[in-house]
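Read through the structures below before going on.
You will see two complexes here that share chain A, one where it goes with chain B and one where it goes with chain C.
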Partner chain A sequence: MKLNKIRKDYFNTPLNALMTLVMIYLIARFAWWFLNWAILDAVWIADTKDQALESGRGGAAWAFIINKLRFFIFGFYPKDEIWRIYVTFFTIVLSFIPYFIKGIRHKVIIFLAHIIIWPVLIFAFMGQVSTNDWGGLSLTFILSLLGLLYSFPIGMLLALGRRSSWPIIRGLSVAYIEFFRGIPLITILFMSSVVVPFFLPSQVAVDKIVRVVIGMTFFQSAYLAEVIRGGLQAIPKGQYEASDALGFRFGLQTYLVIMPQVLKVTISNIGGISISFIKDTTLVLIIGMFDLLGIVNPLASDSNWLGMEPEGLIFAGMVYWIICFAISRLTSRAEAKMNELPDVGVIK
Partner chain B sequence: MKKINMKNVSLQGALVAVLLMVCLFSAINYVDNITRRNIGIGFGFLDDTAGFSISQTLIEYDESHTFGRTFAVGLLNTLLASFVSIVLATLLGFLVGLLRMSKNRLVSQSALVYVELLRNIPPLLHVLFWYQVVFLNILPPFKESFILEDWLYINVRGITVPELAARQTASSFNILLFISLVAIIFLSIAKKKQVVRGIHKAMWPWQLGALVLPVVFALLFKPYDIILPELSRFKFSSGMTIRPELFSIVVALSTYTSTYISEIVRSSIIAVPKGQMEAAKSLGFSPWKRLRLIIIPQALRTMIPPVTNQYLNIIKNTSLGMAVAYPDLTAVFAGTTLNQTGRALEVMVMVMLTYLSISLFTSVVMNWYNKSIIDKEGEMLSIEEIPLEIE
Partner chain C sequence: MTEVIEKNREDEALSSTSGYIISIDNLNKWFGDFHVLKDVNLTVAKGERIVICGPSGSGKSTLIRCINRLEKHQKGTINVMGNELTENTKDVSAIRQEVGMVFQSFNLFPHLNILQNLTLAPVWIRKMSQKEAEKIAWQYLKRVNIAEHALKFPSQLSGGQQQRAAIARSLCMQPKIMLFDEPTSALDPEMVNEVLDVMVKLAEEGMTMICVTHEMGFARRVADHVIFMDEGRIVERQVPGKFFSNPENERTKEFLKQIHAIS
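Presenting the complex of A and B:
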């Protein structure tokens, strides 16, 4: 019975049988090679590359990662000050708790509080150490968190602006969105690192990370605006008409009736945008910042660990993969859960 | 007459005023800053001698050319990498998308793993991986190149293949080839028109004939000399080398983007109503014909707008080549030229406007193609055109 099914699914035509056999062969070959390289022949404990080469059988030198783990996570942040990063991130995680408290009805207030509190926390508290020393995974998180935080409200305003009946607002929104969607992020980062200082009075110096976050926010809010506009278009006209008939003004209508539904239908797209935003933060390596990807090369030019780029890149790739995959799973779960909610407007 | 809402007008006016103030403030600061640092203004620098070399040039270029020329070189390199990546990503994306739908679970699950694995990793990491891991660490050094029959040399410096040198008959061969290609396309259009009228005449012998002609010409007159790569001491004295930077950026972008294209292909094929497939099956179409004649033409309609977005992403992502020193527009012009001249604003404005116009041009072309597909409601015959002698 079972054999029959296997024959029917995998060996029903010569082509299919050939594909099955080729796939089995390729997968087995690759899996065996990878198992050997990554685990069986790998070196886990060594102090230098030479030691690792002596004790290993040609496998991966994960000892490099283990030795340099602090730099991969905290960058060149001084060892005695790392508690500042711990405190900052711990507080940021704690600041999510109010979202889950049932008593708070206007969660927007929490969001507005984040907009003010997070940067103060990050730049006043972590900023005791020069931002040149920031790096590694913590820098990746800071760039992604701040960028997402600010691009949300701006993206919403732009989406509303693009659908506005006021011609100047609409024109400006369209120009903004199309401009930033038409150019690569690198050129924006170049602008923010090379050109923007020319536009500021010579006495004013804005920190590089701040400029990068602003540039990324500009870029990302244009994409977010398009996603939210798609959601706005999906809202049935009746919702507008009904809330108009109930006497809601524009602001209240958007806040209470339209936006909640928009967020509901766009959640998976917003998840996708967040993922691409996290992937985009790697570009800061081109303007000389050491995020999780950017720190691989400086670490691999340590004379004890010369030429360890493959292990470093694969490790960074695994971390990015885990983060992005987790977000995509989380958003699809959130979407499923949202669809279980009663439709907006049902009174209990 | 339309009522003018004073509140709206004043609010928009205030917004414009604020924006103008910001622009004015920036302009004043800019002029102040560049006079302080003794940087000129304007695009005159484009005529100055560049004085640096570029590793890959599609047009003639050396140190004595101008900065304006570096712009053209970089732009052509960007277009080359984008074009090759777009073609490869489309082919790979279609293949993976179709494999994802295979009934053979081994195949479809492997395709799923390919998609999930590659697309959750940043594209920049893909580029660095191909460059630093595959090229610099796995491939053999120059002296121990991997050699295939004197035709193909693979080493850390790139992939070297034979180069073609034109002989006298080359131009007539090119014309002949062009004519035969046009003839083949024309014949397939004619075939489609005939099928609509119920005439089934085999066209492929004619098409084959059109193809044979240039081949025979090539065998008789040998329009191109094939020059095999030849090693002199430290470099190849002949042959064409695909540099590792170009190879890395093309492979990285086409595999990365193919995961997105494969998902688009899959979802638009699923979106074709099931009845179409069943109808095609019951009419006795072979699996390949079902796909080619019934499913894909309908899936193309939903496919084109999102695929256009991916093409635009590829064009913008070629700027990642900067991380591996691929001399594209960003690396050459916004990188080296900017550093040499110090004209940050002028250079960046040129680069951004160029990318913007490439993006706009691509979306205009794709919109036009999309429209031409959507507007087509099947080829209809007027009543006079219908052949009456149908048996």
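Presenting the complex of A and C:
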């Protein structure tokens, strides 16, 4: 069966057969070369590039990554202070636990707590070290987490606002959404890092990272609003009427009846858009911040490790891929779980 | 049960002022240019059961949706339990809490199981404890005969079961009035009776009911009055015996003939 299908699809004419063989040859050649470069001939332990060149046979110098791993993860955060980052992230991870406790009815309160606690933790506690020294993977995480944390509720409000029967609210929402969807993120980042401080009085110094998070939130909330609006449109009119008829007012109706269903239908879109937001955080390298991608260049300018960009970039790419792949799997798991119906028989 | 009796006493006090639990006076409604309800007058006494029938598009749904203000009217007055429904009515939702509504398409909340569907409004609107709300929910689930499906989700139930669950959901708010908009017309024929049985039982318990339905057997059995609507007007209001044997209006006769031809 399978073999037949392969023959039919790839070897049905002489030309096709030839092309198939050529492609197989090229792919195998490349795979073999890459395997040698990345693993078989790679150098894992060395203190400088020269050492790596001497001991190796022309393969990748992963020793560069291993030597600089601390910088890839924590940026230029001082070694003695790194425990602050550990504590911050550990607490953030712990703060997810209440979502999974069954008895808690007011999940929205936990979310509001996050909105306040996370930035306090990040800026007051990690912020004991100047944000100029932040970087690497931890910066990528911070930008992604804060961006998503704020753009979610704002996106929801905008989506609701866009469907409001109140013309002023509707108009403002539409204007906001269309404005921020219409300009590239990079423009917003430039504005927030260069133009905004220019207009602020010099006593008011808003931290660079705060400004970036605000800029990203503007951008992302506009996109999320459109995703959520799509979900709102998918909710049948009957759901509004039934909950109206029971006596629900707008707020509870939205929270208890409408939004849970919207999240269910949009979760895979939200997962997808979150992935692209995380990838978008790499744009901060253009305004001089050293996130996981941005830090490759300064690290590869170390006189001991000149010209290590390929290894650095491949490593950064792999880490991004792993993060994004994990999110993609997580959202499809969550989606499957939401759509799963319990197998309860008749009771009693 | 004692709660129910106490509630009924309250109702009597409420309705005794006007004598009617619902009174609609000279109601007119337009959808844009389309004049959908024309000079409708309707009074409903407490405990009265009214069946509304009429051809498609005659405004039956619109009329009962005006009673809990799912639709707004432009002219005339609607008074529900002593509250007039106007643009200025501060708290429409307070009135809606007392007026249950059952829809043709059930409209259960698909993300919640049946028990949760029933307890959602009592817990969040009536501020009942979860435990108390569940106790009441189980009572009504047994009354409508779907207790054994309480933990299933709506999509796991048949149409008849869903509609009975929807009725129970409304009843859990312990409303004083129940509105039904063609509750059986989306059902397969073999499921119609199980829903009608629940409605008959409810009527026998003295619930004030307004039912839009073409189930003439049901109308004959429980209705105090049958109302015939045509082109936005109430054309005829009769006790069932007279309505079916000897209607006054030509169009009513015509309509009944058609109904008989089908069934």
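The rule is short, and it goes like this: the second predicted complex is superposed on the first by the 316 of 348 C-alpha atoms of A that agree within 3 Å, B and C clash if a C-alpha of one lies under 4 Å from a C-alpha of the other, contacts with A are read in each partner's own complex, and residues count from 1 in each chain.
Throughout what follows, a residue touches a chain if its C-beta (ideal position, glycine included) is under 8 Å from a C-beta of that chain, and two chains touch if they have at least 3 such contacts.
Here the structure is a predicted model, which means the values were calculated and not measured.
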First, second, both or neither for A:313, with chain B first and chain C second: first
First (chain B), second (chain C), both or neither touched by A:249: second
Residues of chain A touched, compared between chain B and chain C (which is higher): B
Contacts of A:184 with chain B and chain C, given as first, second, both or neither: first
First, second, both or neither for A:168, with chain B first and chain C second: first
Which superposed partner A:23 touches (first chain B, second chain C, both, neither): first
Contacts of A:293 with chain B and chain C, given as first, second, both or neither: first
Chain B versus chain C as contact partner of A:195, first or second or both or neither: first
Residue ranges of chain B touching chain A (in the complex, touch as defined): 8, 11-12, 15-16, 19, 26, 29-30, 32-34, 36, 102-107, 110, 116-117, 120-125, 128-129, 132-133, 136-137, 312, 316-317, 319-320, 322-323, 330, 334, 338, 344-345, 348, 351-352, 355-356, 359-360
Of chain A, residues touching chain B in the complex: 9-10, 16, 19-20, 23-24, 27, 166-169, 172, 179, 181-187, 190-191, 194-195, 197-202, 275, 278-280, 282-283, 285-286, 293, 296, 307, 309-310, 313-314, 316-317, 320-321, 324-325, 328
Chain C partner contacts - residues on chain A that touch it in the complex: 236, 238-239, 241-249, 252, 256-257, 260-261, 264, 341-342, 344, 346-348
Contact footprint of chain A on chain C as seen in their complex: 68, 70, 93-94, 96-97, 99-101, 103, 105-111, 113, 120-121, 124-125, 147-153, 155-156, 166, 169-170, 173
